[in-house]
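One chain, chain A, links the two complexes that follow: it is found with chain B in the first and with chain C in the second.
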Partner chain A sequence: MPRLARSEWYDLTRDMNWTLSYVKEEEAWPAELSDGFGLPAEAWWAWDEPYKVTYPEYVHNQYGKDASVYAVNAVVGRSRMYERLDPGWKSAILAHYGVIAVPEYLASLGESRMGRFGRAAAWRNMATFGALDELRHGQIQTYFPYGLLPQEPRADWAHKALHTNEWGVIAARSLFDDMFTANDAVSMAVQLTFTFETGFTNLQFLGMAADAMKVGDVDFGALISSIQTDEARHSQQGEPTIGLLVEHGRADVAQRLVDHMFWRSWRLFALLTGLSMDYYTPLEHRGRSFAEFMREWICKQFLDQFRDFGLEKPWYWDEHFLPELDWYHHALQLGIWYWRPTVWWNPDAGVAPEEREWLERKYPGWNDTFGGYWDVVAANLRAGRPEATLPETFPMICHLCHIPVVAPAGYLAGRLASPRPYVLDRNGRRYVFCSAPCRWVFEQAPRRFQGHTTLIDRFLGGQVQPPTMEGALAYMGLSPEETGQDATGYAWAHAAPHGRTGPRD
Partner chain B sequence: MALFPLQAVFDGDLVVLLVPVDDTDPMTVVADKVAHHVVGHRVAAQDRPLRVRHDGRTLPGDATAVSAGMRPLDVVEVGYVP
Partner chain C sequence: MTNASGGRGRRTWSRFGDVRRRPTPYEVVTGGFHYHFRRDPVPFEMDPEWTLNKWYLAHREGSPFQVADWEDFRDPAALTYRDYVALQHDREVYLDALVDRHEESGSAAALDPGWVDTLRTLFVPLRFPLHVLQMTALYVGQMAPSSYITNCAHFQAADELRRIQRIAYWTRVLADAHGEDLARTATARGAWEDGPAWQPLRRALENLLIAYDWGEAFTALNLAVKPALDVLVDEVFGHLAEANGDGFLTELCTEFGRDARRSREWTRALTGYAVEREPALTGVLDGWVATWRPRADRAVEALADLFTTAPRPLTPTEVTTRVHDTHDAFLAAAHGR
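The block that comes next holds the complex of A and B.
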């Protein structure tokens, strides 16, 4: 049977749109599954992305990627590589697996929704590959930690985490449900593929892969590199979607969707990547700081893309977002370390004397603000009072991002006008927000968010029994063996100041 | 007597805390209940009395959450008297 050249069939099979006659447009693309934002149906047919691939090419490429990365895993699995890794790095990858592995599977549901409800055939074609990508990412990121189980029981949380009510998981689930599990196809293309993947994870995965290789974790490095190549392709769905919205007079929609999801993505990104880069990665392997990475890569790339589309930077950019680069993740770091029993990984304090010098160099003033908290904590540890470094109550949690409210730290750092949370009374219920942008996102679509309950709501509502810290840990799915401990056994608190050889006073 | 949850910010601390108090607790006790979670844990102790602020005003030491007109999950700011 003669074979046609690719160029003779590709465009026809990739992009075959047709006018509906048996059903109405709103029946084929219901707004809750695919909001066209008023663009004529045929306007979407101009949707075009630059990263074109056929199914045989896709299968060939993916087979090669899987063969390569599973081969690395098989070799590394027979070595003692994992046990030789730095404890902080282990924490970083265990946190990553718990938050990311199963949501990758959920992302395949989102991609599948675009594969059916995308408003152009070319888009549906690309999204189908995206669904296959995310299935692979879900499988590979549960398989690799599965192989670690004999050495690392906490790797079980790669699969377990998203099925629990652990607080960080609630935050991640809320974000990802908003972004893709419960999002319509058009909004998802703007919020998942453009804002989150193009804006954050593409660059993050490149950086993490390089860091993994530097610390000697070739297993994780190979895994992340392999995933990133898929992300680079399927994240291309966002730009043509925004381009069409702007071209047809709906720049307001694109702007609102991006502003909404950039902020939410930033919140989780600061928690995961901020801690990983500035505290969990071994000092000798740290390059740029998290704030430098954000400014040089995320911010610059994102602003360039905004300008390309004629969009404005988000309204909160200068007043709220940029100032947070210097304090927000430092506050989360101390909070997560202090409330360490509530996470499934072992938080690395990352504040030994030489690490504090690095932090002060990268974040001038760090010692005067965050260093002061750690001084009190370290003094308790050196005095043999570890119980004084453990929590007896809970932080308030934001009703939008579901992350603890650390505004007082921003106030102490001179970056916020007030340490108080934002409170909103609505329909007889009191909502608490960590920041003005979180309140703004909520107020854009209150019916979408008003039913969510934070861990504090559940605690006060009697769902957490007994209503104690132990009861809360059980509610979050954390057995005593799984609760987070200090990653280095408090070695940092007893380390001699830089330049001295004896122990600290 | 009934449980009365408050949002508490201790001056110089890191995070907004959930602190359950009793609706008959005087503010001196409320201040101590908030400080219990912060002072000597993340903020160094000072040899000065504590005070409680609500809606921008400092409350008398014998006021209670009810007499001060507070609602559950109101925000109180606790700190050392300057």
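The block that comes next holds the complex of A and C.
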């Protein structure tokens, strides 16, 4: 091996910062692609990545990682592992692939934006590796589901989802475009790498990898844990960026950017991970609940890191965020199961008697609140009236997060003071929001969001034809074979103890 | 075949349509990722007037470099990420061994001091301009209308990083043998910012940074500036190193040439793809080349003076002729003429 240690020559790979002479600074780093927030150009040159890696190290490491992950896939691909998986777990991974695979690839565009418009050479180098990492994640997370296509046509959504107007995909696109695909480099370092990757996905991937191994999904477990090792490296672009903003008196910018994206990330995270952990993962393989996971991992780590910079916890933390840990994803679960034809996976109700005991233990009072709705659903199913458990209308959708408004469920569960959505009248248009923080995010940066429409706006505006449930499903790209069905064929309802509530009239 | 979902299994992604040929593993993980290209009404799920929507509409959808469908373009090397890191893992093992050999033999210390002076002015500052090539390749990647193109550009950017890092390593080795100033940032940055020989190149590259139309950025980088600089560094400078008894840099430059060749191959494939579908694009590409090639030529002419300082020099004409002829041949091939 070459004799010089990395530390002896590494700085010579990262000092390529210079003062422009032939074009203007604002031409080469335009604010829309790289908002310097008023810091002098040379201030950014002090940007120092905590994790160092060289090109030779990168290709040597990644070659080994890819070889081992694809080897697992090759072995598993010849087995009958997938068909033996629990139906709820299948739903969890199909939802994951649809929402995550192509967006991870798109994050490579975000990384290459930082690789071009990042304000220090060291940063641009890290982002170059980041662009490669995300290209890897996009490819590996489409390669694996591609292998499932012969036995699982819904795996097509790993590739197709982002091309559709399925409501969850609109919500995901809205989040990811705001976070990286259509974000500037500096904001992105704070919002994608620090807030989302360090704050959420690192931990989600660790948690899901462990769950996958317990469930026996070696394929997914190997995939996710290998991806996590890349994320752990390139997510560190956020820390020095925040550090420089704070050092140069722009803690206000860092605070606002993090508050904005932490809330938005939480919204999607509750939908995807909340349902997977508390309802889709087979009971015998569940460890901590989603709320416990959030409190022990996300909340604690996030606050520790955030306070290290001298920043405050987001303004909505105590009043809005923490209380939601106990109810928000339960409300989403109810809504998504009810509107199951509008998703590409088969929602698992996850409320068989022993699962309800677990939910009650983890979320005291669950039986009396959310359990009551499931009683009605189960009674209708047992009475042979599945049509009463299917939607005929559409929910109200939030103009910021594009997730249905579930405030009424929060209110009926005694967690919210009002069932009403939050409203904003602005320039002759009325916007509705699921929560105070969603309205706040909108008001902080209306230019990002104001002319955008929700699925419901499009429906009412005549873009969805015919204006029926069937027309809406077609608009969302869901063929009749792809619309979601109950994951277990209602087995849970027939296993439920009879009699708490009668069927709906 | 039926399955748990009650439907029939699929042969391939539905987005690929009713394909007769089974897609290759490369195509399966490369095609159809840019959902946002020509998306109605705007690329991104945000306010239609949001800056980034307008940026992409102006510089990508609004570029004169358009064909009806970019999704049939293929990288001639058909590289997936997995293939790319496997390929470069092998090549870096080779370079590690090359470094080993030269560190063991102490070849850096044995270099002619006159040649080291040439390296100080010609070789050491290279990491600055090559970094701009890396930056611009990443711009082309993020703006390209198809993931088939984006990936080529991203791998090219990584190749630039590779070249810079090997230059940086050897700069440190040279400094250990011949004086710390070789490894000082000021030595490289000073030449880049103020050295007269470097200014035409810096002018060209700073302007390249603001060539925001994606087609122009691709053309200026991959048809004009980079091919000239690649020949100058990988071939002509490599030749100069050989003439001056620097076996390490001779072999290193030959190795860099492999990456440059891959860039030229996908570039030629892309221009051929575009012109075959829209013959009028020949004029568009020629127009951009007519703007950018003279800038690259002026840069090469200015740097050619530095080749005369070596103990065994090349004349400016030898340098510029070699670059010009090779560049001509490439452009002729790229334009299919």
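As a working rule, the second predicted complex is superposed on the first by the 487 of 505 C-alpha atoms of A that agree within 3 Å, B and C clash if a C-alpha of one lies under 4 Å from a C-alpha of the other, contacts with A are read in each partner's own complex, and residues count from 1 in each chain.
We adopt the following convention: a residue touches a chain if its C-beta (ideal position, glycine included) is under 8 Å from a C-beta of that chain, and two chains touch if they have at least 3 such contacts.
Predicted model only: the values in this text are computed from it and were never measured.
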Chain B versus chain C as contact partner of A:297, first or second or both or neither: neither
Touching partner for A:115 - first (chain B), second (chain C), both, neither: second
Most chain A residues touched (candidates chain B, chain C): C
First, second, both or neither for A:37, with chain B first and chain C second: neither
Partner chain(s) touched by A:142 [first = chain B, second = chain C, both, neither]: second
Partner chain in contact with A:451 - chain B first, chain C second, else both or neither: second
Overlap of the chain B and chain C footprints on chain A, listed as residue numbers: none
Residues of chain A defined as touching chain B within the complex: 331, 334-335, 338, 372-373, 375-377, 380, 388-389, 391-396, 404-409, 412, 419-421, 423, 430, 432, 456, 459-460
Of chain B, residues touching chain A in the complex: 5, 7, 9-10, 12-20, 36-37, 40-44, 71-73, 75, 77
Touching residues on chain A, where the partner in the complex is chain C: 1-4, 8-13, 15-23, 27-28, 32-33, 54-56, 58-60, 62-63, 66-67, 70, 83, 87, 90, 102, 105-106, 108-109, 112-113, 115-116, 121, 124-125, 127-129, 131-132, 135-136, 138-140, 142-143, 146, 149-156, 159-160, 162-163, 170, 173-174, 177-178, 181-184, 346, 447-452, 481-482
In the complex with chain A, residue positions of chain C that touch it: 1, 3-15, 25, 28-30, 32-33, 35-36, 43-53, 55, 80-82, 84-86, 88-89, 92-93, 95-96, 99-100, 103, 127-128, 131, 134-136, 138-139, 141-142, 147, 150-151, 154, 157-158, 161-162, 164-165, 168-169, 171-173, 183, 185, 188-189, 192-193, 202-203, 206-207, 209-210
